[in-house]
Amino acid sequence: MPYIPHTPDDVQAMLQAIGADSIEDLFDEIPAHLKAGHGLDALPEGRGEMAVTRLMAERAEQDRFALSFLGGGAYAHHIPAAVWEIATRGEFYTAYTPYQAEASQGTLQVIYEYQTLIARLTGMDVSNASVYDGASGLAEAVLMSLRANRKSKSRKVLVPDALNPRYRSACEAIVSNQDVELVSVPFCTDAGQTLVDSLSPFEGEDYAALVISQPNYFGSLEDVDALTDWAHANGMLVIAVTNPTSLAILTPPGEWGEQGADVVVGEGQPLGVPLSSGGPYFGFMACKKKHVRQMPGRIIGRTVDMEGKQGFTLTLQAREQHIRRSKATSNICTNQGLAMTAATIYVSLLGPDGLASVAGHCHANTQKLADKLCAIDGVERAFSAPVFHEVALTLPQDADTVLARLAEKDILGGLSLAKDYSMKNAILVNSTEVHTEGDLDLFAQALKEVLA
Amino acid sequence: MSNETTLIFQHSRPGRSATAQAPKPVSEDQLSAIPASLRRKNKPGLPEVGELEVVRHYTNLSTKNFAIDKQFYPLGSCTMKYNPRGANRAAMLPGFLNRHPLAPASHSQGYLACLYELQNFLKEVTGMKGVSLAPMAGAQGEFAGVAMIRAYHEARGDDARTEILIPEAAHGTNPATAVMCGYKVREVPVGKDGDVDLEALKEACGPQTAGLMMTNPSTCGVFERQIEAISKAVHDAGGLLYYDGANLNAILGKVRPGDMGFDVIHMNLHKTFATPHGGGGPGAGPVGVSQRLLDYLPTPMAGLDEEAGDYHWIDTDTLPTSIGHLSAFMGNAGVLLRAYFYAMVLGREGMIRVGEYSTLAANYLLKRLEAIGCQAAYPERRASHEFILTFAKQAKDNHVTALDIAKRLLDYNQHAPTIYFPLLVPECFLIEPTETETKEAMDDFIDAMAKILEEANTNPETVTEAPFTQPVRRLDEVKAAKELDLVWSE
Amino acid sequence: MSEIPADLRYRDSHEWVRVEDDIAVVGISDHAQDAMGDLVFVELPEEGVVFAAGDEAGVVESVKAASDIYAPVSGEVVAVNEALEDEPELVNNEPYAGGWLFKIKMADSGELKEMLTADQYQEQIDSE
């Protein structure tokens, strides 16, 4: 019996202790006709670890490909071997939520260190222990801003069109049930940026918050100082959506404009979490101290034990669903513990200089890639704004067709902007430190052939 | 166990780093395209440490945790069963790990095949008509479920339904979810035998009822015997029935939520399908639905073109009535692969055994604990896969609370059960041994409990001041909440 | 035994009211603070807010629980106890004095008659 250790003697002894004749007797409170009628016939026979491992290894092998320049919110980075070797130690991997603090000091201290790392990267006062991912984290930030902005009675939040469209749609799906409206802010189609000028129609109106994405979906860098100051001048909170790698070299949201952003969220995946088909990732979430009671999710605090010794524990639990029930800040129960643990180890290994170096290579490689691709006839940058590590390019042909032909050559040459932005000849390409000069040349050569 | 109390930041020395891990710095020239005004002025205060220091620090921290791999972990409602190592290895195969979430279906056939088969597996085992794997945890599965109930009523123009009914013993997530979906919550009382007060439920049902959320077996650790009458009452009022899969382990292979009349369910793969809890996550909370909610399932889902034999994504362009995406990509994909591994290893017979042997273990543990003097909350009832004890007597007679007993268990190298849940039983333990623990492991727990009950009588301080053997003694939680220290500062 | 001053009025949700001319001083009872345990945070209404009797007016939090505070009478909030921001323990230590929560300028003092007397409140606690 896979993963069930009982011998026939064990079973007899247990039944005897219970005073039951058979295991079936233990289900005697369940109405009989509910139990009848199915034998799970559609399920396969069980197989051992060897057979299932082989099946999955063959499936995994099917999905291997040579070269990817896909970004769009998930990015390929080198992950030091130590990161997951340690994160999947049984003591981290098979522990539960640290409700029994004395028996969970390992997990609790890791979370406290994680909160500190995130606060320092983002330039904010406090961080939670993470939420599901960047997109759902934005939904939580939007709901949080409605509670935190005491001056506003609005249930509307301004969201730039240049925000990752997947964030927009997940956020919409989550907040719309509470009659929250996401109001679109257009972007400048020349620069690929959200300009302060485009906000003027919203001046004097009541919105709870303005979302600012740095970089935005096109990779473009926004004038975050001006946008932040505009929002604050108009009584709105600022929700920053950022890439954590970029924060090693870009101004942290806590220093945007005169007062800094109020809430910061983003996808934590670039910090040591594999692409892994989209998850498990983690959403990081940080805020100013004055808003901490409005922040959802688990939070760890440092305190002392009855002998005065340092220790860590869950705190501010009265915000959470298990205590506050229908009045909780969110229904979220988990954090993405394992991915967050990996990120803590990753950031510790890289340090401030290593992470800045990764960010620098991402930017430099993307610039180089854009130059190589734009050297091909008819390929040019779609926008004029400076970028971090992703860039939109227009092609002389239909983007979807070109990408499909590149895929036939086992090159995933970027994401089409046709569906989300009606830019049917435009693609979004990303490069990181994992690409060599040779990789970039291979891509350029393949694109040239496809377009020829 | 390690005595490591130093923070990683305190190991930091300027100029030290794990040099094998980062590329060489780029020149300022290469960054010249980024306007100076957008550049960070000071480098972030991240630790500067070598690779060995990092490995040693986090390895030492890990040893301060209890974990299933180390201890019996009978947390009620959490299903802390063995997490097969094979599942982890399979999910971390390079082909899966390096797959970009937006890779085209042509380069995702292996992955899609696993998801498609897992969807079908979960459909059969729950008796539902459709399954989406998208929700990233139980709470998000709940959200998806209630959002679908709302979408269903709205599509019919039935907009007078403003209330979700929830038994008072329910987990706090249920009411929090209902509110996130824009509903008001009405709690329904639970009777002395642990079953829902059916008359009160019938009275609460009406044209304002959008649905009822419940677990079965309930949070009281017993099977809700009136489930069909409950189902009828809610359905007659036009509401839908939501199954919280927190306790699915108890009935896996025995009774299917679909056969009990539920319209929508969520499953916790990190409980029932043995994926790791990871110190608090990630989970995965797939949802299953009956026929009438099929159109609202969250996307993306895996589809199969049977003629061509190709797998593809089902997304909002082909299912526009869907409640949409709940994450940027495809939920907690790596967790789904681990659950797929587990499902394939167990297969049909293995699934049926889960409910049987988890129930056997719980009833054994209950009877033996009663025999040493523990008080069951529902002594007349069969345990499901879990059961409740109450220590109200010890609290009154010896001033030894459920919390004290829980802390003392740690000294006996046993993880404490869930305490003070459900709220309606005073001084309670909710105990769930799971099917993967040996009889000897349960016997050790029983011995520890016998010793603690004895100590509660003869030497209560050893219980009320426990634990003594852990890295820290009891923590000052009031100080933690009043003098918030959430981020380290030098 | 918890203290229940005879000169105050009570709500079944454990708030007390002390009348000072047309002002109602509001707090939570000794019994309530004892049941909550050490308070770690008190969320108070803003001055100038107008409540109807029974409206949610604030929250008291301990480590393991959070409890809503309801306005016992209708009227405008004219003062809040700002000392509680730094010292929520005042509610534990002196629930009827330094631990008061807020003051309401009563719109209808007749509502006081609807509230429990000390004896009635004692009875309610005994029956809980």
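When the chains are written out, they are named A, B and C in that same order, and each has its own residue count from 1.
Going forward, a contact is a pair of C-beta atoms (placed from the backbone, for glycine too) under 8 Å apart; a residue touches a chain by one contact, two chains touch by 3 or more.
A quick note: this is a predicted structure, and the numbers were derived from the prediction, not measured.
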Chain pair with more C-beta contacts, A-B versus A-C: A-B
Maximum distance between Cα centroids and chain B occurs for chain C
Could you give the separation in Å between the centres of chain B and chain C, each centre being the mean of its C-alpha atoms? 38
How many Å are there between the centre of chain A and the centre of chain C, using C-alpha atoms for each centre? 43
What's the distance between the Cα centroids of chain A and chain B, rounded to whole Å? 20
Please set out, as single numbers or ranges, the residues of chain B touching at least two other chains. 477, 480-481
Residues of chain A whose C-beta touches two or more other chains: 323-324, 327
If a residue has to touch 2 or more other chains to count, which residues of chain C qualify? 40-41, 61, 63
State the interface residues of chain B toward chain C in the complex, per the touch definition above. 477-478, 480-482
As the complex stands, chain C meets chain A at residues 40-41, 43, 46, 61-66, 68
Quick one: in the complex, what on chain A touches chain C? 150, 293, 317-318, 323-324, 327
State the interface residues of chain C toward chain B in the complex, per the touch definition above. 38, 40-41, 61, 63, 88
